[in-house]
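Across the two complexes that follow, chain A remains constant while its partner is chain B and subsequently chain C.
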Partner chain A sequence: MNPATVSCEIIVGLIGRWHDGALPPADGDAYEQHLLCCPPCLTLAENYRRALGALPTVANTSAVPADLRALFDGRPG
Partner chain B sequence: MRYWKFLRAGARGQFTGYRWTPGVWAHSERTRPCGAGFHACRTGDLPYWLGEELWLIDLDGPITELDRKVVAPTAMLVERVTAWDAAAGREFALDCVRRVAEYAAAELADHGLTGDAEDLRAATDPAGWAAAAAAAADRTDLASAVLLCGYVQDAVETFDGYPAPASAYLAARVADECAREPAADGYADERSRQARWLVDRLELTQSG
Partner chain C sequence: MTDRDLCARLRSGDRAAGAELLARHHPISAFALAALAAEQATTILTTVWHEVLGEVTAGTLPAGVRAEVLGRLIAALADQNLMDTAPPPPPRDRFLPATDRWAGWWRDDPAALESDQLTRPSMLAALRQVPIEARAVLVLRDAAGLDARAVEAILRANATQQDAVLDDARRRWVDVLTERAGR
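Right after this comes the complex of A and B.
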């Protein structure tokens, strides 16, 4: 990926992979350089980062209530 | 060896939002380019990573040298480079617009459009460059000249509405378009010129 020619469409498609650390270094460079000079893409990436950061606070990790579990346990798979 | 790091306002990482505490060592269990560890710039890397704040940064542990940055497992912000402020950023961006105008003027002159080239070179501010470029584009059908005059107008709009990295990027992109030799890397050459501008203007030294 050439940082001189990469488009917003391509960058938007890379946001998730960048956060997963799944981009090759050269692509990561191009992605980051694009964000610095493209405020809309930077905002999008920032929103994605904030959403990821908020996930642990909204995920319900408590145990499933016994009566609810019983309802599902009785159903055929 | 000295290294620098651009950050957002408030000493925050540009991509991760990581909040640095100056004078305190930060540690990472591992390093991976663009993924883990602390990334920093040599002087030649600076124009690729422009941000609101520039800091001198100490690195420790194995330092991995990459094409456009270095990465280390341990880092500490030493002091802010106060010469890099909003005014300096504006000055730098203006110089990038001037470069785009120079490329367009050279293209006009190369094709015998010397009057328009001189008008463009004589302009001294963004409004002047935009007006001269628009007038030149109106007077020619030469595709390359029209394209470059369009870039001048784009550069002026970018200067007015976007942060400095956008002007720097556009100048490098135009340099890439104008590279005469097939093997020439106009993009990298323009980035090198931008690095020299920053080193001179901010009085940075790589060793020290």
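Right after this comes the complex of A and C.
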């Protein structure tokens, strides 16, 4: 893969495997070199990293409903 | 303290351990419900939690608390036809077509996602643009942090099948978040 000529569409298709460290080294190098000279792809790659990074925190943060909390609140064991 | 320790303490009558199990695992179960159910079905989640806590207390829970709650939730939604199976709209074509001199390059530059745009409502709205099977894998693997083996027990899809849809699901989800950020 030539990073100077490979299209953004192909690079975007590699984001997930790059993120997981699953790209072969040559493809990984081409991916990274493309990002160095392509701000839109770099933006999308950064969006991907941010969104996947924030997902577990956001998904695991909310209040337990009162009816379930009441099962264990203030009652002797 | 591990879940196993908390389960043992709850079995011995320590109510604080039950509260801690809820605090650890209820939020992701509520998120999964909001992401996967076609409509509000909070009573299903409450029922699932009562069952699981009952089995923890009885010492008969077969798997980890998180995987067990999520598995039973998804099974209950499927049994009652409450999964959000409506097909999402097709993804927007973000790249120039094959007829263009710059085929495969961006039509419009993607907007940068800011941290304050990564909210629970925006994440859930974007998840609803991902097909349901892939969405379930994304929720279980990336949001709940379950490994492929635990997800296989819930969805009956092996690791290879999960990986095949997870890649597309993640990209679709980030695409929708990015599109919303640019509005």
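Quick note on the criterion: the second predicted complex is superposed on the first by the 60 of 77 C-alpha atoms of A that agree within 3 Å, B and C clash if a C-alpha of one lies under 4 Å from a C-alpha of the other, contacts with A are read in each partner's own complex, and residues count from 1 in each chain.
Note that in this section contacts are C-beta pairs under 8 Å (C-beta built on N, C-alpha and C of every residue); 3 or more make two chains touch, one makes a residue touch a chain.
As the structure is a prediction and not an experimental result, all values here were calculated from the model.
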{"item": "Which superposed partner A:47 touches (first chain B, second chain C, both, neither)", "value": "second"}
{"item": "Broader residue contact with chain A after superposition on the shared chain, chain B or chain C", "value": "C"}
{"item": "Partner chain in contact with A:33 - chain B first, chain C second, else both or neither", "value": "first"}
{"item": "Touching partner for A:72 - first (chain B), second (chain C), both, neither", "value": "second"}
{"item": "Which of chain B and chain C A:21 touches, first, second, both or neither", "value": "first"}
{"item": "Shared chain A contacts, counted only where both chain B and chain C touch the same residue", "value": "39, 46"}
{"item": "List of chain A residues in touch with chain C within their complex", "value": "7-10, 12-13, 15-17, 19, 39-41, 43-44, 46-48, 50-52, 54-56, 58-65, 67-69, 71-73, 75, 77"}
{"item": "Of chain C, residues touching chain A in the complex", "value": "13-16, 18-19, 22-23, 26-28, 30-32, 42, 46, 49, 53, 94-95, 103-106, 109-113, 115, 118-120, 123, 139, 142-145, 166-167, 170-171, 173-174, 177-178, 181"}
{"item": "Footprint of chain B on chain A - complex, ascending", "value": "3-5, 18, 21, 23, 25-26, 28-29, 31-33, 35-39, 45-46, 49"}
{"item": "Contacting residues of chain B [partner chain A, same complex]", "value": "14-17, 32-36, 48-51, 66-69, 162-163, 165-166, 168-170, 172-173, 176, 187"}
